[in-house]
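Next come two complexes built around chain A: one with chain B, the other with chain C.
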Partner chain A sequence: MTLLRYIPLFPLAGALLNVFVGRWLGRRAAGLLACAAVGLSFVVSFAIFSLLRATEVLREPLFTWMEVAPLKIEIAFQADALTAVMLLIITGIGLLIHIYSLGYMGHDEGMVRYFAYLNLFIFFMSLLVLADNLLLLFVGWEGVGLCSYLLIGFWYQDHANAIAGNKAFIVNRIGDFGFLLGMLLLFWEMGRQGVWSLSVSELQNITHLLRPERVRLITLLLFIGAAGKSAQIPLYVWLPDAMQGPTPVSALIHAATMVTAGVYMTARLSFLFSMTPETLALIAWIGGLTAFFAATIAVAQNDIKRVLAYSTVSQLGYMFLAVGVGAFSVAIFHLFTHAFFKACLFLSSGSVIHALGGEQDMRKMGGLRRYLPTTYTTYLVATLAISGFPLTAGFFSKDQILWAVHSSPAGSTSLWTLAWLTAGLTAFYMFRQFFLVFHGKCRVDEPALAHIHESPPVMRVPLVLLALGSIFAGWLATPEFMWGSLWEGWLEPVFSAGGVANHAASEDEILFMGVTLAISAFGFLLAFLFRSPENKIAEWLSRSAICRLLAGKYYIDELYDFFFVRPFTASARWLAQICDPGLIDGLVNGVAERVRGGSLLGRQLQSGNVQHYLFAFLAGALALLAYFLGR
Partner chain B sequence: MAPLNYYLVLSAVIFAIGVAGVIVRRNVIVILMSVELMLNAVNLTFLAFARSFGSMDGQVIVFFVMTVAAAEAVVGLAIIIALFRHRRSLDPREMQLLKW
Partner chain C sequence: MTDHVLTYMTFFPVAGMVAVLLLPRERHDLIRWVSALFTVPPLLLAVWLFRNFDRANPGFQFIEKFDWIPAYNIQYFVGVDGISISMVLLTALLSFLCIFASWGIDKGVKGYFALFLLLDAGMMGVFVALDFFLFYIFWEVMLLPMYFLIGIWGGPRREYAAIKFFLYTLFGSVLMLLAILALYFTTEPHTFDMTQLIAQSDRYGTTPLPFWPFDQLRWGFQHVVWMALFIGFAIKIPAFPFHTWLPDAHVEAPTAISVILAGVLLKMGTYGILRINYSMFPEATGDLAFWFLGALGAWNIIYGALCAMAQKDLKKLVAYSSVSHMGYVMLGMATFTPHGINGAVLQMFNHGTITGMLFLMVGVIYDRAHHRDIEGFGGVAAIMPVYTGVSAFAIFASMGLPGLSGFISEVLVLLGAWQKYPVLSVLGASGVILTAGYLLWTVQRVFLGATNEKYKTMPEINGRELFTMIPLAVIILIVGVYPSVVLDLLSASLEQLNQAVIPHLG
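The block that comes next holds the complex of A and B.
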């Protein structure tokens, strides 16, 4: 069966077509072409998902990329249960975002370019999850970085957007450097065992031969890469700025692609990560801290998309927390449910922004429930899902993470408390946002209010589908006392090396569910009490020092700017303005100057006058004559 | 018949005049004429030796030299005309751009 190659092929073809002939197709046709490309990919992904047996691994070599003595790197695709799930998320959510973009970007000049980038994004992401070896995975890894740069800075005429694109790219490069080092070290270590390959399956066979202390370093470096791509402390700073791009792009980056790459990579190499409890512990702590830290920042933001951006960072923290306690399948499950409700949230916020003609400040919204009924409903559903309302998707996945943190031997009470508090914060900041946007007095500016309108059907349909997903996606994996989990059985073979899977006492699980629900409800209640911006306590709180600190995002950007960016630019300026003209140019020019001075004498001989030359010729001839005659 | 040495001294004098002309004159046409003078001085030497040794070789070479000299004069004059059209001058001191 040779189906796998078509999944990346269609978006690539779509992107190339749009790049080269898109301008003659016209905007509408270009958009439809892009949608069709991703749609076909989705159909193929779905076929593979349904054909794939749980324990099976499809492998499809295309051609040999390079062959140097014992080293042979193939362009080869593989698909197991994990890949199939990722492909469904990428192409499925990606397709909905494509369709939504038809409406959202319908009036934009650069729509053809936009859809070319979007298709390219899907291409690289599917390449990443389909890759059979780490090198090909790295190609996809870099590719999504490139596409995120292109899309974040899509409206490049605005300098801030271009800066945000640069920031995303540079921060990602730092992570990629770690990933690259880890990959090379792994390659070296495998070469020590005589296996000159970077294929994941071959790696899996020889893990027991690797030296543990080396594996610790390798996984640490690989995690730096994952932290860069999946926005974990300390490399999370690019993600909140990534919302400078068009809103569907934010949805694509935050939900279906890009940020999931880091989680996917750690899951794909779970057998390696499971070997080192130290790295896993670090990942768990980074994940937990990121979840909590980002959630606190989200509390005090006033930009509708910025809240969502920090919420993504926070939710990704949850995923890494699950990875850190060895619950890989749970992490992927949260990735899966998060893709639905986060895409839904972003696209709904896009619908709000679209309706208000570009307004993103929540203080200038409010009372939009009347004007945007569909968006209101989908937003509500997704907000409930992310806050962990019972029976929604987020409820099941978040609960499993908390349960895994508690029950896994790698987990601890402090980690659990961190995750538990984050659950409360999540409910608080999401409902704070929800009330600010949709309830209360309408604070929309007059001109925007005049043409406020619900989005066209092409945007509403994806919203509704995603909202449905936000509810039902979680039902694939329910606790034991309900109808059990399809999910675990499906992904079990992939993570057989280091699964957590101890569903001990289900009474405990119910208890924990209750405790989590309680703090989420508390968060909701607080948000409800402070729902009006005119509330006295809320107003007093918002002026407090801690709130200013939160609103300033702990001034991490400023810290980075002071400690890294400024010294770097200063040294670059010193090199460019002092060192380069003085030292480098001085050396080169000095050498040239000396040579020129030395040859000043010699070149006097060349007057250019023929008669001088003739005279020299004559003198020479006479001298020779004299010499021969006198001998 | 005059002794051979007379002819040789005469041709040496003519050759020296030609060399001096080539080196010191400031007109390209005169320089070309001086070159002709040098060629003819050599021709005279050839002829003198041919006569005194009773051999035909020298005579034959002189014919060759004359032919070449004619061709050289044609090409030389053509170059001079082209030069003059460009520069409105025949002073060799002004034709020194091909240095360095």
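The block that comes next holds the complex of A and C.
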């Protein structure tokens, strides 16, 4: 069966067609073509998902990519349960985002270019999850970085967008630097065992032969890459700025693709990461801290998309928290549910922004419930899901993470306290946003109010589908005391090496759930109390120092600028403008000058004056005479 | 015809030069087309060579050899092996494309194209010559037309740049000439035949210099000759601190000459080191490669990238990026692993295509705006979308984006370097961040942002300009996806070279 290759092939073909003949196709046809390409990929992915037996791994080698004996790296695809799930998310949610974009970008002049980039994004992302070896994975890895750069800076005429795109790419590159080093180290470590392919399956076979201290370093370096791509401390700074792109792009980057790559990579190499408790502990802490840290920032933001951006960082922190305690399948499960509700939130916010003619400041919204009934409903569903309202998708996945942190030997009290606090903060900032946007007094500017309208069906249908997913996606994996988990059984063969969360003590689990719910409810209650921006306490709080610190995002960007960017650019300037032309080239020109000076001096001797020559002749003769006489 | 393939490839351009000289000076278009015509046969022969090159044979192929000046045992001796074949192909291709990139030259057309064709012959000769004397002659033949091409058809400071280029390279040539003579007189019977010199490469081992005070450093005759040759070649690469002629020469040279300079001439430095230093002095190479190629290469990567970051002139930026990217070649050469050295020679080829494209890109916009000030553009993407697309392709290739050719060679170099010199590998790998930094910042300032009113009416890239860039783009993509097309050519010879040096590594 050689189906796998078609999954990346269709979007690639779509992208190429749109690049080369898109301008003759027209905007509408270009958009439909792109949707069709992803649709076909989705169909193939679904076929693979349904055909794949639980323990089976499909493998599809295409050709040898590079061969320098002994190194031999193939272009080869593989698909197991994990890949199949990822493919469904990427192509499925990707397809919905494509369809939504038909409406959202319908009036944009760059629509053809937009859809070409979007298809390319799906291509690289599917390549990433299908790759059989790490180097091919890296192609997808960098490729999504490229596409995010192109899409974030899509409206490139605005300087800020171009800068945000740069930032995304460069911060990702810093992560990729770590990833690359990890790969180099792994390559030689595998080479010691006679395997020179970087193939994941072959790596799995020889994992037990690798030296643990090397594996520790390898996993640490690879995690730097994951932290870059999946926006974890300290490399999360690019993601909030990535909001500069068109809103469906934010949904694509934040929900279905790109940011999930880091989580996927750690899950794909779970057998390697499981070998090193130290790395896992670090990942758990980074994840937990990122979750909490980003949630606190989200509390004080006023841009509708920025709140969602920080919530993505926070939710990704949850996923890494799960990875860190060895609950890989739970991490992927949260990735899965998060894909639905976050895509739904972003696209709904896009619907709001679209309706208001581009307004993103929540202080200029309010009371939109009346104008945007469908968006209101989908937003509400997704907000409930992300806050962990019972029986929604987020409820199940977040609960499993908390439970895994509690029950795993790698977890600790401080970690789940952090996770709990984050759950409360999530409910608070999400409902704060919800109330600000949809309830209360309408604060929309007059001109925008006149044009306010619900989005067309082509945008509403994806919203509704995603909202349904935000509820029912979670039902695939429920606690033991409900109807159990399909998910664990599906992914278990992939993660057999990793620690699996303990499901025995279901009473503890119910108690745990109760506490989580209580904390989230408290967050909701606070948001409800402070729902109006005119609220006295809220106003007083917003002027406090702590709130300013949060609104300023802890001034991390400024710190990075001061400690890294400036010294670098300054030293570059010094090298380029002083050292290189002055010192190095100065040395060269100096040598030339000295030679010239010496020659000028030498020229004096050749004065052409006979008396000078005679004098020199006489002086020489006398000197010789004196020498011989003196002996 | 196939018996003398390399000779034809080398001397067709000379015939072209003669033809051009016979044409009336005012028939500009005729001169251009005749020049183009004479670069086609070498290109076709290059394709033939590519198809018929025996990939399994590590030795020299397509050899032609006969006595030239028997009194001094000087021969006309040419041939290719895995070290030179990719450079021969690259030279044929870039020479052909650069004729079209020179179409806009309208001052002294006849002289320009005549000199260009002579330059073409000289470059080809350097890569195929297997007699050291012949090699030296071609080396000098290439130098002269370059001097005039920069000095007459260059920018405002062309004379300064041309003289600097000339003196610098001449300084290297003199050192090389001394080395050649030293080699000649230490062989018995005296010979310039490179294959003989390589075969006798073990003869220096035990002759320490009589006046060299530091015996413990094991410096002997061959180390001195090695250094003399190295400095000559390092100037060409250009390795720090001998690189300062490059930005000046590039900035002043016309577009096509910049392409040739970066695409072909720089490679002569690393090619010479592989062909001569490595093959003829394996022991000295083993002693000196770490510092003078490995460490210096890593330094080149970082230094070039940092310098590029703060440039204001677009062409200068690309020139410094060359300094940085040639660092990967040096680093890869110093590893003596199959990955590293194959990666190094592949990087020579890739740098030729990628940087060639970048200089063509600069040329296109310079022809329209008549300046290269990075800050002086802005929003070009809106005015020239096709141009922007092609340029972005070249820029991302230069950044080492996976799937394009630069990535393959850089990864191979870093893989190779990691085992021997992990620290250098880390330094080299950090180049990926810096490169992304300066290139993206350039994209942002030139192509993105609000459109500069001054350039609203700039015409889109035309068919001729596209014609010069698209073949390079296609090659970059093919090598990125299927690098075996080039790697297969190299690996046998490079393996042999590696094996010669490895026993002498410290």
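Quick note on the criterion: the second predicted complex is superposed on the first by the 583 of 631 C-alpha atoms of A that agree within 3 Å, B and C clash if a C-alpha of one lies under 4 Å from a C-alpha of the other, contacts with A are read in each partner's own complex, and residues count from 1 in each chain.
What we mean here is this: a residue touches a chain if its C-beta (ideal position, glycine included) is under 8 Å from a C-beta of that chain, and two chains touch if they have at least 3 such contacts.
What you see is a predicted model, and the numbers here were worked out from it, not measured in a lab.
Chemist: Classify the contacts of A:615 with the two partner chains as first (chain B alone), second (chain C alone), both, or neither.
Modeler: first
Chemist: Look at A:173 in the shared chain and tell me whether it touches chain B only, chain C only, both, or neither; answer first, second, both or neither.
Modeler: So A:173 only meets chain C here.
Chemist: If you count the residues of chain A that each partner touches, which comes out higher, chain B or chain C?
Modeler: Comparing chain B with chain C, the partner touching more chain A residues is C.
Chemist: On the A-aligned overlay, A:181 touches which partner chain: chain B = first, chain C = second, or both, or neither?
Modeler: The second partner, chain C, only.
Chemist: Pick one for A:66: touches chain B only (first), chain C only (second), both, or neither.
Modeler: second
Chemist: Of the partners chain B and chain C, which touch A:142 in the superposed model: first, second, both, neither?
Modeler: Only chain C; A:142 stays clear of chain B.
Chemist: By the touch definition above, which chain A residues appear in both interfaces, chain B in one complex and chain C in the other?
Modeler: Common to the two interfaces on chain A: nothing.
Chemist: Any idea which chain A residues touch chain C in the complex?
Modeler: Against chain C, the touching part of chain A is residues 19, 63-71, 135, 138-139, 141-143, 146, 149, 153, 156-159, 161-163, 165-166, 169-170, 173-174, 176-177, 180-181, 184-185, 187-188, 568-569, 571-573, 575-577, 580-581, 584-585, 587-588, 592.
Chemist: Taking the touch rule as given, give the residues of chain A at its contact with chain B in the complex, in rising order.
Modeler: Residue list for chain A touching chain B: 603, 606-611, 614-615, 618.
Chemist: Tell me, which parts of chain C touch chain A in their complex?
Modeler: 164, 167-168, 240-241, 243-245, 303, 306-311, 320, 338-339, 342-343, 379, 381-382, 389, 396, 401-403, 408, 411-412, 414-415, 418-419, 425-426, 429-430, 432-433, 436-438, 440-441, 444, 447-451, 481-484, 487, 491, 495
Chemist: Applying the document's contact rule, which stretches of chain B touch chain A when the two form their complex?
Modeler: 19, 22-24, 31, 92-93, 95-100
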